[in-house]
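Below: a set of structures, written as structure tokens.
First chain A sits with chain B, and in the next complex the same chain sits with chain C.
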Partner chain A sequence: MSDTLAKPKTYLGVPVHRPKVAFFELSSCEGCQLQLLNNEATLLDFLSLMEVVRFREGMTGGTDDYEIAFVEGSVTRQDEVERLKKIRETAKVLVAFGSCACFGGVNQLKNRFSMDQVRKEVYGDHPIDTDVARPLESVVPVDLRIYGCPVKKEEVEKIVTRLALGSEVFYPRYPVCMECKANGNICLFELGEPCLGPITRAGCDSWCPSNRAGCWGCRGPADDMNITQMVSIMEKYGFSRETIVDRLECFGGFSAHIETFRDAVDIREKVQKT
Partner chain B sequence: MIFRIIKKTELEKLFNVLSDENRIIGPVEVGRDQDSQAIYGFRDVADFRQLALDYTTTSLPAKKYFLPYKEDMATFRIDGKDWQKTVDYNIDAPFVFFGMHACDINALNKLDKVLMGSVYPMPYYAAKRQNAFIIGIDCEPQTYCFCRSMGADTVLHGFDMFITDLGNRYFVEIQSDTAYNLLKKVRAEEPLESDHVEYMHVISEKKKKFTAQVDTTDLTKILDMEFQSDVWKQWGEKCLGCGTCANVCPTCYCYSIEENVRIDLKAANKNKILYSCNLIDFAEVAGGHNFRPERHSRLKYRYYHKHRGFVEAYEESLCVGCGRCGEACLADITVPEVISSVRGETS
Partner chain C sequence: MKVTCNIDVHHLTRVEGHGNIKISIKEGRLEQATWEVVETPRFFEALLVGKKWDNAPWICGRICGICSIGHTLASIRAIENAFGMVPSEQTRKLRILLKHMETLQSHVLHLYFLSAPDFLDVGSVFPLINSHPDVVKMAARLKLLANDICDCVGGRRLHPTRTVVGGFTMLPEKAELEKFRSRLLDAIKDLLATAEIFKTFSLPDFVRETEFVSLKGDNDYPFIGGDLVSTDGVVRKEDEYLQMTNEYLVAQSTSKWSKLSRGSFAVGALARVNNNFAFLDPAAREVAISFGLKPVTHNPYMNNIAQLVESVHVVMESVALIDDLLGSPWVAPRQPVTPRQGIGVGAVEVPRGILYHCYEFDGTGHIVKCDCVIPTSQNHANIQHDLAALAGKFAAEGMQDRKLELLAEMLVRSYDPCISCSVH
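So, the complex of A and B:
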């Protein structure tokens, strides 16, 4: 790492502690970590704020002397459970990085099926250890969540800056609709597209709806969201129960809320029949 | 009051005179919904032909040009131990609003009272409001328009000129010397008695087209009486708490402030974000207590601010009856239905 990066940073003349951070991945596509590297314009600023001691996508080698651990991915194997516990022991701050780590993410879609069925479908007769996909917090306590599939780099920067300065980290508690309206978008329901924006936590700056793609709820539920009303709105607009449940189930953020809506369309049963 | 008559072709000339030197914002078609109905919005307009002067209602109000959804209130440059603050009202030139309906001008007049008429005026708003040249235009009442109930179907001030379509010509009302001088640049004539008759005919025909209404009789008292009414809980069960009603409202002005330091630690900003009283943390205070943790109490609060509190403070409602909130609400919560349920008129 160059000298400029190693020089201690100050803010208003006060030295800023440069924490040692490490990145880890469990079952995931590692796309959230890639988001950080994609941010070329501010990558050096990021690196001067945090001393990265382990980052598989960005460097060779690494040490296990870190204060903040960013963990991407969901827990699907026993060896990941062990790794995660070890990370938890070392890290002062454990960050669930992205929707897989926060909710199980796309991976948890397999939880609809029996694990035998899943293993056979993907790996055939090859012996492999795979279990239901779980969020980090089902194994260890999590200090901070950064939502999104993938995470929004602007939000990560904001959070990381706040971590470095020791100021409060907060997220929008309201749904995506707030940002979508501020961006001047036409409501996707008017265009006949389903959207979970009204119940999904904002912070993505209505990334998908601004590109005319309905929200799939990757950031999980907004505080005090009204899922019952959301489902009846989707039905009113003519979307089938299956379409609605598919969307709600996609990233796992709503899994605690959807059992009642799943009754009408038991996908597991359906798949077993085919 | 000064009136003029201009031929329709003169309006384009007027546009061109204005657009030579000014930024023009006006109503345009921004898309079509799934039933092929036009969706309108206010946009920057470079060519007169882009304007949709016969627009119904824009999905979003003109608010963002006066009260942006996101605005820097101050930016800070940090250099060692020193820092420098810059305050910018985020407007560098006058602009023209070409074709604003009476309800939306009335909405600005209401915002003026709060944001310019109070003890601490808001310069960010005032700078934009006072640099806007506003051309009002008459409109066709839609099924959701209840502006007439709110006394906002006509507008008395707060604009520079107002045009009413008389078929082959416009009846022009002049409210400012800027508008008076501008009209000298096109062919404008004194209206004849027949023009007056025609104007009166047009407005009386318009009056007949209103279908939606809100009964505001004794509404402040009724709201006081019905504070504990069960209807609020019923509406609260439907409410998504998404803040859309406030975002599409031309008069909702509540905001939140966020301060952020740039990742290189060399700059910071204080950002204002338009907020909504329907959002979960709107009434949460330091220490964590939330005065309105339930959706129904927040929804109710919005109605009490619009139709009770503001009326007591300013002797007029903070609602102009544009109907946008009801149109935008996915849960179909509309002002006429909510008020009528509070009055016990529907179940």
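So, the complex of A and C:
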């Protein structure tokens, strides 16, 4: 489809391979894919880097001959397991695209309840098929992750450029806090705003804190993080354990770390029982 | 010749989410025409139970990747109504400006990227980059402007960061707003040029009498809160929304369906134009009239034109809003929040139609019950009825399957459905 866009691209005088790319979505809002169309200023340059062969939300037709698959969303039903396995068989590189694909995203908040409870809450006795929300890697191996809810389009472009050029993709090891300081923001703790900037992986250029909204950890844990220390600092600033856990569990990135902090948060269970 | 054909569109393209069209015609007689929604539910209404109020706008915005701003604002309005809060005039204006720019970016996305390829007989916008470069650049320019203003006012174009219960975490720079003012005036020219392009497209000739539901304007073309109205004469208060939506479950869809006075009703740009035509900005009204769009228009394909008309309206009104905002000094961006027990409803006109969020809170501000009624879920039954009528009419006229398939796809696309949103 985008063949007509093909103008030979070169890098240091060497022709660059234009990979065939496909986009897929499981349980999600499809917002991460739309972030690409939302990048009006550089969209055309970006499209010249790759050949989009499947993008259901934006194009009719397409082929299953692709090298890189971007998969958005989490797995919440058996047919999605099958679809994902098929994509994995075809793609040389499978990219978990956005927080739902990387960690389960906001969808995994339903895992706080039994599936019978969530079904009944929304559909009553009407039969409806659903399973616990899982990240892609719980079903198939994932080659690359692009974090964020939503993904940051500048970061996507950087990563895709590296993929196209065949160079290594790396992520910042440090937390959002570093970017926030570099951006000259007043620490949100001082403004009374809870924030997971100290433990969340950077790369978003402190998107939320720079807008005076505390970080909710959508990009998951930084390589070098001290979650226990952060919780105790937040408690010193007067944030409740519930507020801290709300943020830690929101996107699923910290699910391996939060059980120890959860004990004080029985209010949910209380509400649930009433 | 009497037509016999089977049309089976699995995962319709150029719409948000997953839906299928199935039509079967035997010797010119329609045997089946079905609009199936197979999207996986994400259970937002269940996963919010037990969460504190401040989680709701942040999480509910994630219901939709196109109209996240609308969901966030509906969520905020429901919470503010439950807690008895009234937003400041400044907050009200900033929210409408933000809302308008989401409407513009969404309508432009639909008109140019999702809808126009059908009229130009291509599969996507991509080939148009070479064949119609100026048009694609114009679309990108309009979308970029809308998104830039969303970034400036809401902090982020998708899943906004600054929008909170009580107002905004921070305010835009006035110098920035000033710059946007002149870009908005240029956008009017682009939209009028868009109108000329759409005049060269021939919309399918199909009419089915339909009930249209939207917010009810009193003095202006409404987008956030107020009474609810239908073209069949039903009027209800915002907190009586359940009497407008009447949701029920069907086997062919993981999304709920709705009905009111008839078997189905429609929401969206066409519903708003049909109900609130008198309150359109004169420039927008002129565009409507030039397309023969006036109340009550029953051709669902005209929703495309209604979106174009609304694009002109929101740009004109945004210029006036910016003038207002620039003309008065900033006041505090955010009010304090005191949670209380109660139920709150927020009705907001998002690009695809009227959206309701409703939460019940306990005395500590925790969510006991949550209900979100999505525009596209209200449209599904109407799409089904349209599809059956369309297939029946054209099958009888002997239309060939390839052409009928395209018309059926274009019909569903006219509603600009947001399917994953409708299932949520």
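What we mean here is this: the second predicted complex is superposed on the first by the 266 of 274 C-alpha atoms of A that agree within 3 Å, B and C clash if a C-alpha of one lies under 4 Å from a C-alpha of the other, contacts with A are read in each partner's own complex, and residues count from 1 in each chain.
The working rule: contacts are C-beta pairs under 8 Å (C-beta built on N, C-alpha and C of every residue); 3 or more make two chains touch, one makes a residue touch a chain.
Given the structure is predicted, the values throughout are model-derived calculations rather than measurements.
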Fit or clash between chain C and chain B when superposed on chain A: fit
A:C29 touches, of chain B and chain C: first, second, both or neither? second
Which partner, chain B or chain C, touches more chain A residues: C
Geometry of the superposed three-chain model: angle at chain A (Cα centres of chain B and chain C, steps of 10 degrees): 110
Touching partner for A:S255 - first (chain B), second (chain C), both, neither: neither
Which superposed partner A:I186 touches (first chain B, second chain C, both, neither): first
Which superposed partner A:P175 touches (first chain B, second chain C, both, neither): first
Partner chain in contact with A:P198 - chain B first, chain C second, else both or neither: first
Partner chain(s) touched by A:E80 [first = chain B, second = chain C, both, neither]: second
Contacts of A:F46 with chain B and chain C, given as first, second, both or neither: first
Nearest Cα pair across chain B and chain C, whole Å: 12
Chain B and chain C footprints on chain A, overlapping residues: none
For the chain B and chain A complex, residues of the former touching the latter: 30-31, 33-34, 39, 41, 59-60, 64, 69-70, 78, 80-81, 83, 237-244, 247-248, 260-265, 273-274, 276, 279-281, 293, 295, 328, 330-331
Residue ranges of chain A touching chain C (in the complex, touch as defined): 1-2, 4-5, 25-35, 37-38, 40-41, 43-44, 47, 52, 55-61, 76-77, 80, 105-107, 109-110, 112-113, 117-118, 121-124, 126, 128, 130, 133, 149-150, 193, 207-208, 211-213, 216, 242-243, 246, 250, 267-269, 271-272, 274
Residue ranges of chain C touching chain A (in the complex, touch as defined): 11, 13-17, 40-52, 54-55, 58-59, 62-66, 68, 105, 109, 113-114, 117, 123-127, 129-131, 140-141, 143-144, 147, 155-159, 161-162, 164, 169-170, 249, 254, 362, 364, 366-368, 420-421
In the complex, chain A residues that touch chain B: 9-13, 16, 42, 45-46, 48-49, 157-158, 160-162, 165, 167, 173-175, 177-178, 181-184, 186-187, 189-192, 197-199, 222-226, 229-230, 233
